[in-house]
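Labels run A, B, C and D following the written order; every chain starts at residue 1.
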Amino acid sequence: MGLSFLVFPSTEHTRFQHALGAMHLATKAVASLRKQGVVIADNEAEALYAALLLHDLGHGPFSHALEHTLLPDTAHEKMSLALMQDMNGEFEGKLDLTIQMFTNSYPRGFFNQLISSHIDLDRLDYLKRDSFYSGVTEGNINSERLITMMTVKDDILVFFTKAIHSIEKFLLARRMMYWSVYLHKTSFVAEELLIRFFKRFDQLDKATKSSLSTAALAGLANNKAAGLEDKIQHFRHLDDNDVWVTLKAASNCDDFILASLANMILNRDLLKIKIANQPFSDKDLQDKQQSFMQKLSLSATEIDYFVFAGSLSTQAYDLDEQPIKLCSLDGTLTSFDASSEIAHFPILTKKDYKYFLAFPK
Amino acid sequence: MGLSFLVFPSTEHTRFQHALGAMHLATKAVASLRKQGVVIADNEAEALYAALLLHDLGHGPFSHALEHTLLPDTAHEKMSLALMQDMNGEFEGKLDLTIQMFTNSYPRGFFNQLISSHIDLDRLDYLKRDSFYSGVTEGNINSERLITMMTVKDDILVFFTKAIHSIEKFLLARRMMYWSVYLHKTSFVAEELLIRFFKRFDQLDKATKSSLSTAALAGLANNKAAGLEDKIQHFRHLDDNDVWVTLKAASNCDDFILASLANMILNRDLLKIKIANQPFSDKDLQDKQQSFMQKLSLSATEIDYFVFAGSLSTQAYDLDEQPIKLCSLDGTLTSFDASSEIAHFPILTKKDYKYFLAFPK
Amino acid sequence: MGLSFLVFPSTEHTRFQHALGAMHLATKAVASLRKQGVVIADNEAEALYAALLLHDLGHGPFSHALEHTLLPDTAHEKMSLALMQDMNGEFEGKLDLTIQMFTNSYPRGFFNQLISSHIDLDRLDYLKRDSFYSGVTEGNINSERLITMMTVKDDILVFFTKAIHSIEKFLLARRMMYWSVYLHKTSFVAEELLIRFFKRFDQLDKATKSSLSTAALAGLANNKAAGLEDKIQHFRHLDDNDVWVTLKAASNCDDFILASLANMILNRDLLKIKIANQPFSDKDLQDKQQSFMQKLSLSATEIDYFVFAGSLSTQAYDLDEQPIKLCSLDGTLTSFDASSEIAHFPILTKKDYKYFLAFPK
Amino acid sequence: MGLSFLVFPSTEHTRFQHALGAMHLATKAVASLRKQGVVIADNEAEALYAALLLHDLGHGPFSHALEHTLLPDTAHEKMSLALMQDMNGEFEGKLDLTIQMFTNSYPRGFFNQLISSHIDLDRLDYLKRDSFYSGVTEGNINSERLITMMTVKDDILVFFTKAIHSIEKFLLARRMMYWSVYLHKTSFVAEELLIRFFKRFDQLDKATKSSLSTAALAGLANNKAAGLEDKIQHFRHLDDNDVWVTLKAASNCDDFILASLANMILNRDLLKIKIANQPFSDKDLQDKQQSFMQKLSLSATEIDYFVFAGSLSTQAYDLDEQPIKLCSLDGTLTSFDASSEIAHFPILTKKDYKYFLAFPK
């Protein structure tokens, strides 16, 4: 949940809890599918459980915020896979099937869909969990019912037709969680500051980086060009604690920008952020920058760290992905898109944009 | 919840619990509004609490199902008002202000809006309660947040702009509760059978009615033409128990139709019901009726009780009613309809119809 | 929960919900025991589920209150068994195994212990359920954990030693639910009035009974001497509704005592009740009776209905019953009584008495 | 919750959440007491809220585990007070009343009792919170009811007599939470290892400490003899992150003992721990130490870090503290100890001891 706890103080739950939860839902899904007659071998079930337990391994600290900053060329899925392969070596191939399912190279495709699709066990866990911990009940979904509504036709995951309202609710809840929680303007601006903190950090010399930071974090920052295997060695030892002590160390450092960014985050004394449905114009941004350059005596290079604009976006239901399929009691398959009026709402199917302008108070 | 327990066994909660809950929410709303500086006198607060406690007094047993059958010319709001006036006599005018609020004749209109509007305390209680007891978490709403988002401008109830996603969720949840719970096809057909049971019951002679039923129920059934005051005397003593013992008594009676209807409900051995998005044609109905008249040896009059068609409908957001108003932090009012894309979704603003055809198994 | 809703308005949950819940726990218990290697055949599992679903069949309306009044010589367990046997006839022996388990004649004794023992699935469901619905969280227990702590040794149900604190909690919670909820003085006195209502009702002539009551209730009341088979015919059709309409009918009847008792219950205008740790003396009772005989112009026979004394008692852990056994990880069995200090607390092991004196306000 | 998450993965809730929760309960207590006619001025209420918000300021990371290790001569209450006084300087005396309440020098003693007594708002929050997050429902208490059962007599906090069962439940729940959660053997042994980690860390030279740790943590460790004011400067910047990065850095260091302890904690590869009701003898300990000195080639100084014995204890109800007072509806005060049989149970009133012996696997 990144820095959401700055807004929702109870969202301190961890990715490990989510991984356990997603694996737990996998045991429920397997039990429910077997009850319906879907044949799932014991080794398939086990491989699926491992896949859910490990699917998020590649997320680093403050995952989405720092993904492109700390590991610029390595998407988290790629890192997850690399770590699984690493473990698979240690475990002498026991994760082979898990890796096949994870990479969608296992012929029975519904296993991959349970790991990653519109309505997968990952989302069924995190939406419910994040809604619960944040107290934003608008995002609550009925994971148990959605799981019991799943079935398998020709190795494809489909939903019983009578789940249609639960699916609609799921898609709408996902959209609401994005706007109400994941993209809440206060934690969003804090994460933008954190990204800028590491952008600035990257410009320091090696020695300063090492003095302000931990071995793992400085190791990554000082070896951006290294190969994946090298990066993994640092990445393995990296967690939120490395980021926080770096922020604390930087809060007293000589670099004005770095110290300012650190203090804003640590003291929750953030920038002001304006949200609009239309983009802010270049002039809006330049005027604000001019005004604060004078007020705070900042140079043109510095001002970008404190006055900036951009967009937020989310897309609840991408019609280009493998669509959700419905299955009537007599076995006929139809597409969810064809059956639900909600499936075509632009707020779900289009990328939904908002625009922001951030500047000091 | 009428006969919903036939589908959702835990929905045995009572209207009294709802009345207490709605009154409880009124205490929260008053505390929250006062904190924002809205002046509410103690007698106004008390009158509001009484209004929420009493607002549903006029609902008889199996309320919506039997409203037009047992009391054909008396809407439940009219009966609620008559009973409040009755009590007001006993209480020597202590309910004057409550009645003004209830009938929207009190000048500070937000009190009436708290009792009856798009997002009133009645709905905030029953949607949450019914979602909770049915286990249909899709209908869960964030009553607490919606209440803290309420404020008052010129004696009109408005919502802070940042509540927009909670309001959207509220409207969508209401629609989902209708299709998933309130109009669930199984409890719906059971209620249609109950309506037909009382239609048939009305055709019996007075003595038979009295022998099969209780004093209060027979009193109403035998005095359909009586004035409101007379009806109140029977209505006061009427509750679900009178309906159930009448069904049990009728299940052994000589009237084949009455006994059949009673047994179908008591034994949960209901008609089959087909649901479609288009109306069933007259021919569809006639064919089914013909086929079952032969199979069950029923006459043309009798068959209407066992094979029938019709429509179900709901409308989550009626644009003709007083619209929901939003209030920005600087006090500007805008309309929810203008701000939310969801407000214009046809599934919310149009009457949403489904069609059914019911017939024996 | 009898008349508990007079104190805890949300305790309107039904015995049917409890039966479903107890059966649901049986599925959890079977799954957990099988995971530990206990062999349970499919027909054994099914028989157990049916036993939990049906175990309370013999409870009539307001069960514990009216058990001895409506069916003086038939304990509810006897009636449950009779009804199961009846069904077993219809089902052509499919309940044979269920009945063996229920009557403890099946050799694998742990099935009976799951149905009826210190910590059985019946109690695991109702304590949690009643605590939840009443809001008395003091009575909440950890049913899930207690079930996963169960195992089987030589066909006897035992608990893993590390469950010791959960068992202690269970016994203490049970005691607290008795004093805080089941024997709450307000619902207790209401149930005493209900018992007296039916005692008085019994003294009416047959015709009056029939005119005030329903076929099923009058049938039982007018045939106290009938055999079990005859009683079953009436009992089958009896439920709470019969009691409520009889109370309503009696509230206007000519018999002063019957009408008074009915009105006290219907209007929640109950007797005052004093609770003490020592019994009230005969003189205490006689003085109160004298004083109210004069005040209310009641005869010596009548006063017993309105001024009476007696005791309430509960016993959380009866050391004479088959004791709870603990099983260490290496398989050694010890007795819970020997391991837990709490097991010997007199408040649990002795019958715990309180005394009451009830009289008009 | 220290290292409880090693056993209960969901117990990642923070002390900040607890502080907010305790303050929230304070608003409930004030509202409830005012409703009963207890006069509480607005500045008293505010001071109480601040006291609950700040009461735990003096807890460092892994509080109870590291209290005596990191700050050997400064109890956390002393540090809390020092930090409040510091803030009071900044706030120009606005915390004067809060500090009086906290130090029990304010004449109206019930404010201090709400902050610190047998049943204070601190415990009402953390017991419920820790029970909830751990899933150990045995420890759940009814905070809301206990608060509404509080009243004030002669400025002393007392409870209505009818709360007696809720109080009993509270004391028993507290005991159970200690044995089931707070002193769970797995997290307990992890915390013992953490204490030993810092004991070893203290023996390193200054430069090594600084190189392995953060400024704040090394600052405290290198200045054990400093005055309180100096310590505060480091303490302010210290949190769990400092401990975790120090553990990570030490896991690769040259000191065998330090690295071993760090790795045991980080990899959850802990010592084995035996629990008994009687102390382990010196011989038991020495035998184990001898055996592992040989097996692991450890010296006599080193073995103390890996093989050690000691005791765990808890006391749920200390009869020497200001006792809980009950207040009947007519205002008479009695002592809880005199009214409740449970109050005298040795398991509550005596220090309850268990003994452990820890050694490598």
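Going forward, a contact is a pair of C-beta atoms (placed from the backbone, for glycine too) under 8 Å apart; a residue touches a chain by one contact, two chains touch by 3 or more.
A quick note: this is a predicted structure, and the numbers were derived from the prediction, not measured.
**Q** Stepping chain to touching chain, what's the minimum from chain B to chain D?
**A** The least step count works out to 2.
**Q** Which of B-C, A-B or A-D has the same interface as C-D, meaning more than half of the contact pairs match by residue number?
**A** Duplicate interface of C-D: A-B.
**Q** Averaged over CA atoms, how far is the centre of chain A from the centre of chain B? Could you give it in whole Å?
**A** 42
**Q** Using CA atom averages as chain centres, what separation in Å is found between chain B and chain C?
**A** From the centre of chain B to the centre of chain C is 35 Å.
**Q** What parts of chain C, by residue number, touch at least two of the other chains?
**A** Not one residue in chain C touches at least two other chains.
**Q** Once you've mapped the touching chain pairs, tell me: line, ring, star, complete or other?
**A** The chain contacts form a single closed ring, each chain touching exactly two others.
**Q** Which two-chain combinations qualify as touching?
**A** A-B, A-D, B-C, C-D
**Q** Sort out for me which residues of chain A touch chain B in the complex.
**A** For chain A paired with chain B, touching residues are 136-138, 140-142, 145, 165-166, 168-169, 172, 176, 179-180, 341-342, 345-347.
**Q** Can you list the chain D residues touching chain A in their complex?
**A** 9-10, 12-14, 16-17, 20, 214-216, 237, 239-242, 244-245, 248-249
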